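Order of writing sets the labels: A, B, C, D and E. Residues in every chain begin at 1.
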Amino acid sequence: MIRIEKLNQKYGGTQILWDLDLNIEKGSCTCIMGRNGAGKTTLLKCLMGLLPASSGRILFDGKPIQQAAAQQRAKMSIGYVPQGRDIFPLLTVEENLQIGLPARSDGLKKIPERVFELFPVLKEMLQRRGGDLSGGQQQQLAIARALVIDPKVLILDEPNEGIQPNIVRQIGDVVTQLNQEDGLTVILVEQKLGFARRVGREFRLMQKGAVMAADKMSNLNDELIRQYLAV
Amino acid sequence: AAETIKVGVLHSLSGTMAISETTLKDTVLMMVDEQNRKGGLLGKKLEAVVVDPASDWPLFAEKARELLTKEEVDVIFGCWTSVSRKSVLPVVEELNGLMFYPVQYEGEESSKNVFYTGASPNQQAIPAVDYLMSDLEVERWVLAGTDYVYPRTTNKILEAYLKAAGVAEEDIMISYTPFGHSDWQGIVSDIKKFGGAGKKTAVVSTINGDANVPFYKELGNQGVSSEDIPVVAFSVGEEELSGIDTGPLVGHLAAWNYFQGIDSEANEYFVEQWKAFIGDEKRVTNDPMEATYIGFNMWAKAVEKAGTTEVDAVEQAMIGIEFPNLTGGIAKMNKNHHLSKPVFIGEIQDDGQFEVVWETDGVVAGDAWSDFLPGSKDLIADWTAPIKCGNYNTKSKACSGQVQ
Amino acid sequence: MNALLHKLWSVAIVLLLLPTGSPLAQSEPAGISADSVLQQLPGASLKKTGELIGQLEQAGGAEMRPLFEVMLAGELYFVKESKQIIAITKTERRTYIGRDVFGKAALGEFTSREIKKIRVNNRLRSQLRETLARIDLLHGSKLAQKQAVLAMLDDLNDKNMRLLTTAQQSGVDGEVARLIDLAAAMVQLRDSRVSEERLEAIGVMSGQLEPAVRNQLQRLVNDAQEQDLAVRAAAQKALDKISERIEFFGQLEQLFFGLSLGSVLLLAAIGLAITFGVMGVINMAHGEMIMLGAYTTYVIQQLFPGAIAYSLLIAVPAAFLVSGSVGVLIERGVIRHLQGRPLETILATFGISLILQQAVRSIFSPLNMQVVTPSWMSGSLVINPVFSVTYNRLYILLFALAIFAALVVVLKKSSLGLNVRAVSQNRDMAKAMGVRTEMVDAMTFGLGSGIAGVAGVALSQLTNVGPNLGQSYIIDSFMVVVFGGVGNLLGTLVGGFSLGVANKFLEPSMGAVLANIIVLVGLILFIQKRPKGLFPQRGRAAE
Amino acid sequence: MSVLNSLAQASSRLLAAMRQPGRGTSWLVGILLVVTLAMSAANLLLPADSPFYVSTYTITLMGKYLCFAMLAMAVDIVWGYCGILSLGHGAFFALGGYGMGMYLMRQIGDRGVYGNPDLPDFMVFLNWQELPWYWFGMDQFWFAIFMALLVPGTLAFVFGWLAFRSRVTGVYLSIMTQALTYALMLAFFRNEMGFGGNNGLTDFKDILGFDLQADATRVALLLVTTFLVVLTFLASRTIVQSRLGRVIVAVRDAEARTRFLGYRTEHYKVWLFVYSALIAAVAGMLYVPQVGIINPGEFSPLNSIEVVVWVAVGGRGTLYGAIVGALLVNYAKTRFTALMPDAWLFALGALFVIVTVYLPRGLAGLFGRATELMYRRPDTGKDKTTRDDGLSVAEVGA
Amino acid sequence: MSPINHFAGQARELMRRDTTWPFLVTRRRPVDVSKDIILYLEELNVSFDGFKALNNLNLYVNDGELRCLIGANGAGKTTLMDVITGKTACDSGSAWFGQNIDLLAHDEAEIAGLGIGRKFQKPTVFEAHTVFDNLELSLRGYRGVWRALTAKLSGPERDRIEEVLSVIGLEDARYQSAGALSHGQKQWLEIGMLLAAEPRLLLVDEPVAGMTAEETERTAELLISLAGKHTVIVVEHDMEFVRSIARTVTVLHQGAVLAEGTMDQVQNNRDVIEVYLGEDA
């Protein structure tokens, strides 16, 4: 579904991603892991078109999309939950959700009920400003917002940061459910091993801007963890 | 040694004053053209040096210095506002330059290096008030002006003059507004009330520049007609009117030394020449243009007479020079560097022109120092020997302050 | 009661005036024919013309009305050769079309050399107006009649009184009748020596707002010769009552002035509330967008000289398009490159404003352009003699509110409003949600600029249309937006009106300059109290 | 060829030096001092027809530019380093100027046109009977200087104290400063204020007994100005490089965070604002004797905005950027107004637009980039990575 | 309560013998912890547009304690910290730092000066400064303007910064500007800034969000080592982390304390499981 070939990325003079290759199967649930600063967020931003890549190719369903603007990628049904949530702080919860509606392929004009089924808190807070929500509530809103555009691929950057345990579990369930029942392709960046193991079905390990290991989640052993995740 | 005679043009081409001054720049250019066609001066061609002081007063001084030292011009035609003239004055005096100032102003000045070809208050304000008093039998007066020196002085003079003529304190209303004032509702309404007291009322307006348009619009809209309360203005000429829909203003007055509408051969030629030069049939002429015209021609005559462009010689040659006005009659440069000119009162017509309704019998000599201000009653200016002073006190027989 | 009084007065006046006979009969002396008078008109001095007008009125009466009207309008000319008197209409092409003054028959075109104007000046014009008033009192429309009576109040001589009585008898009602009664009362107060009659007259005059009434009462109160203390006291009381009413209407007028100033501020600021308030661009070229709108009005009037009445209606959408597209161009060409550097926009837009100003100067000359006020925008709605509302201000007030409402609807109802806010809060995230940020930016900037252009159309009716037009509003606009609270449209509305009203209520006692200064200082102090304006953005995120 | 080479080397070395915090600035100071000294000598010592003669016109022009450079520095200190976008610094400049103007006015004494020993001409001619109280003592040079610092300093303190204490920030603050200068402009335009109304103060004769029109006086003024520019530059550099400077930048970027570290940010801001206002006032004081007039136009908000524009052109957040920006823009203005009087606004406007679009960090950024290209260090990891938007913190509220 | 009563109450409060008038109290003085309690929060109420974020909250924290604060998203933990640090004003209630300092009478800078440091939920560092400068600015010391102008980094201070740098593992990034750090690195930097300030009371809001398991462990060790000399209040949703450091745990719910006790007690509390932990914790 998504292929990344020889991706390089620089911030000013500092190169972050080095000839990175990545392949994501349709319908998979891939967990990207790596130390702080390994370049995970950078990779996802490149994939989403929010950062320009200095070289390399990104293929979506076989078509190169590295030239496409972020909004076009959203229209191709890629949903994105950024690290740090990036809620629109002065829009109400409802408006935060409405933003994505025009990007839907089916032209629906109303926020789908499904979203509220997954995150009932949001229904209560529809009229509150996004920025006023607590951190965890914002995280839920961010996921819900990505779901509104009815994505085929869902990109989640550390979705559990600051979320209470029972909701973390719930998010895990939701992601699994979306992946398995709706056939959504999920790309997940996660630091917490437990969650990654439970939700992800494949893993990619990153170090210094390159993918060092890729396999089924069941094959993630202590050796790899020590090598790529320990400090 | 120069092959050309350089004429500096120091008028704002941008900023707030561009609206008025650009015309004068073009006038000078036209005069230079004309003079060159006539063969130049002293056998040399004239060359205009134009700079833009951008309505920025310190920049006026800087540009004057640039003209005099860098470009080494022989004469400057320039300035409109008093403050720009005040800013330039020390520079022109220091470098002993020669400047012609073509705009009506508050007087109270006479410099060896400057010739004032616009009207001083006694050539504009006093005759206008005389007219209103005698012909229109005005008994109540509104003196409305922009808050700066020209209106302040003019109104001071008028106030003294009116009181001397027996007008009571409560029959004079004075109001000052800031530059570019655009909301005249309250003031016009006050004027209306002031004028509703049963006595014939007139407004003497020293409102400056852009503020006039909204003022007249408001007058028209509040139904203050020229028959009820005529407004006589000293800063509104043909050019200002070209930006207003004059329909509602018909009958209001202005006092000037020149109107485009005055019938005379010379004037007709001048207007045609101007329209051709600027390439616009609708462009109008106005009083400061005539002042520039007279100033330029007098300067040319003086240069011919002196046989040089050297400032001191030209300055002395200037005094006593005569040149025909565009409106008929002869203007004469007096010892105090001010002109003798006729004064006209015109009524605004619906085509934006003025119809002369009154004029002085002969010419009026411009006063450098007003007779109606306590500080300057005793002062005169005389640039001929033996006095050679811009502010000579006739009482103490001394030339106060002036550093020679 | 009133009716009875009314009758009494009429009878009294008629009795008073009976011996002199009918005024109309008197105005037909034998001998002078109108034609012979007319013959003297060409070339007459102004003074002579005045005399001739008097003779014409006597000779021709109502028949001369067209002549007087044409003369008053300054359209009366004579053919130099034949000395024939004609009315002239000027055309756009500066030629002159003549017609017969009375018969209206067309007489063909003339050049300026063939004809000469019959000059009128102020004095003649007021004489003409009075003459017309006399004619209209008997023959004119209701409005003309009213005007005529009002004009006569200032000069209640015998001749005028006779006319008024005749008018009364020929049957008038309503306002005109009231005014004639008033006139009668004024005469009675002036001429009668009987205390009761005079008191009665004062009773009628009490509370009437016509300036002539007030002046007469004032004179009476001030008159040291006046012996009748009761009359004087009554006059004083009547005067007080009048003053009270004037005071009230004065306040009302002040309020209207304030609102009107407020509407101007609102209009000027409203576009900025979008480009600056919502998008965060410190748009120094905002004033020039207003200026472009005003120039558009000018151009439209030049293009359709025949349709002055509709010119503003055409100009509104035209100005929106012109300023809007310039806005879009600016956004696409410059602002776009400054994303993430909001403060730098001040530099770029300052440069743009210089360029636009100079461009206008080069294209249209530095002079002010003449924008004509259509007749429906001129004049005022007279509510009573001391309170009237000028139409242009009134319409502009309504127009400002309408624009504001339209804008609110656009931003609330279309997705544009939502998208703009999203983009301004987090551009990247908006992109990631599929918002076409570039489109949104361009549209918003275009909308803000377009509205500024529309404001320019309105302002062209109040002030100069020149290259500096924009400069005079830019500072006020920023002030209003910030005072109301950046990003809050309602704030801009309330801010504009409160600044306007505050200014106008201070003005009478302080003068225009001090009032302005005090409002500014007040604004500075206010912001200390509410650092985020009248309607601040609240909540965690706004900190 | 070798000349070219060595030229190129020299210039690249200069550029490199400019980038180093310490040495670049001493270069600037050096250049300024050398240039003005050379100009002064050329003006005073050479005959007027010498090809190297520098006219008095150029001297005064340079003096004026340097005053503007100082003003630009004042704005840059608050804007570039502390994020306080002041659109009203012209007010402090003008107040300083008025202080100096009043002194110069009093120096005229009875040499005015009316010969009145006490009253300046404009008062005589508006019929004032006696000197208003606030004019007393202004004939004493030191007192006048003191007042010219005290008044703008106090104003800045009161305004800053009110505004920063109640946490007025961002555009709200900017517009308030604008309102401040606008109000002052209107006030000074009033003739009743006793400062000469629209005409302001002009026709000065001498300063400290030296004839203002003498070349030597002008040169001396230029040198004093240069000296003070250098002095304020060094002082400001010391400040911005001290810990104080870093706190100030921290306030700019995250004021709330700074407060949670225990810094009273409002004290820092008030302090800096007053300091900056004083610099502006000094600039104004130096400006007046050199241009010969001070009038309320200096309070005009557009003037203050222009100063901000100079800083932006030069590159905000660097002191030498502000100086370079002010010199360059004003030089361009002088040239353009003479070369193309009818179209110079196009050129100037275009300059502003181009600088913003293509030189995101002004000319200083250009220097930075030029040297970076020339001296790209192999070890990029250690290099201070600077982002293009590093300075553009969202001071503008959403 | 009627306004008059309220006013009288205040007046009486002002007259109490056992307190000094607020304006007489010197601003800067060491916190008095003779009763061994460093933080008293009583009857705190905070509401936003009618929504009660804190609801009659009572909380006491012992000196030198390491206290974990957990609770559902939106329970009011961050708001609580906001109140302690002076960012948010509370509607009613009292907050005392030790015996002698009324926190509600001080503003943010003063509170920080009293020795209360804070790490924000969303890491906030000075982006334009280098990592080193960030730490330098956070160093403990007098914060006046003049002092800052003349301040020179002393040897011990420099050592302190080096020490902190090594603790937070950003030695290599010391000259990098903080804006260019990754999310996790910023978290560390902010912790480092706290360490450099050496406050008496540390409020740490979600320190391990975005950290790997190993880093989480390191953070835990760090916090444990800090306790004793400092008092630490930690907010965190990572239960493993909480378990590893916790002695006393307080659970907030809807702006009030729901439960308090050891980790085991809390973990087995029915209410806590229902609203927070979920069934199979």
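Keep this in mind: contacts are C-beta pairs under 8 Å (C-beta built on N, C-alpha and C of every residue); 3 or more make two chains touch, one makes a residue touch a chain.
Owing to the predicted nature of the structure, the values given are computational and were not obtained by experimental measurement.
Fewest steps needed to get from chain B to chain E, stepping only to touching chains, is 2.
Under the contact definition stated at the top, the chains bordering both chain A and chain D are C, E.
When chain centres are defined as mean Cα coordinates, A lies farthest from chain D. Each of C-D and D-E has its own count of C-beta contacts, and the greater count is at C-D. When every chain is reduced to the mean of its C-alpha atoms, the one closest to the centre of the whole protein set is D. One finds 44 Å separating the Cα centroids of chain D and chain E.
Centre-to-centre, using mean CA coordinates, chain B is 31 Å away from chain C. Chain centres here are Cα averages; for chain B and chain D they lie 36 Å apart.
Multi-chain contact residues of chain E (touching two or more other chains) are listed as 48, 180. Across the assembly, chain D contributes residues 186, 189-190, 256, 342, 345, 381, 385-387, 398 that each touch 2 or more other chains. Contact of a single residue of chain B with at least two other chains is seen at positions 13-14, 147, 176, 178. Touching chain C in their complex are the following residues of chain D: 85, 159, 162-163, 166-169, 171-172, 175-176, 178-180, 182-183, 186-187, 189-190, 256, 301-302, 305-306, 308-309, 312-313, 342-343, 345-346, 348-353, 355-357, 360, 389, 392, 394-398.
Against chain B, the residues of chain D that register as touching in their complex are 55-57, 60-61, 64, 108, 110-116, 122, 124-127, 186, 189-191, 197-200, 202-205, 213, 291-293, 295, 297, 334, 337-338, 341-342, 344-345. Across the complex, chain B meets chain C through its residues 13-16, 18-19, 22-23, 135-136, 147, 175-178, 180-183, 185-187, 189-190, 193, 196-198, 210, 213-214, 217-218, 220-223, 226-227, 230, 239-240, 242-245, 247-248, 250-251, 253, 280, 347, 349-351, 355, 357. On chain A, the positions that touch chain E within their shared complex are 11, 14, 33, 35-37, 41, 83-84, 121, 128, 132-137, 139-140, 158, 161-170, 191-194, 225, 229-231.
By the touch criterion given at the top, residues 48-50, 69-71, 73-75, 80, 82, 86, 88-91, 95, 98-100, 102-103, 129-132, 145, 149 of chain A touch chain C in their complex.
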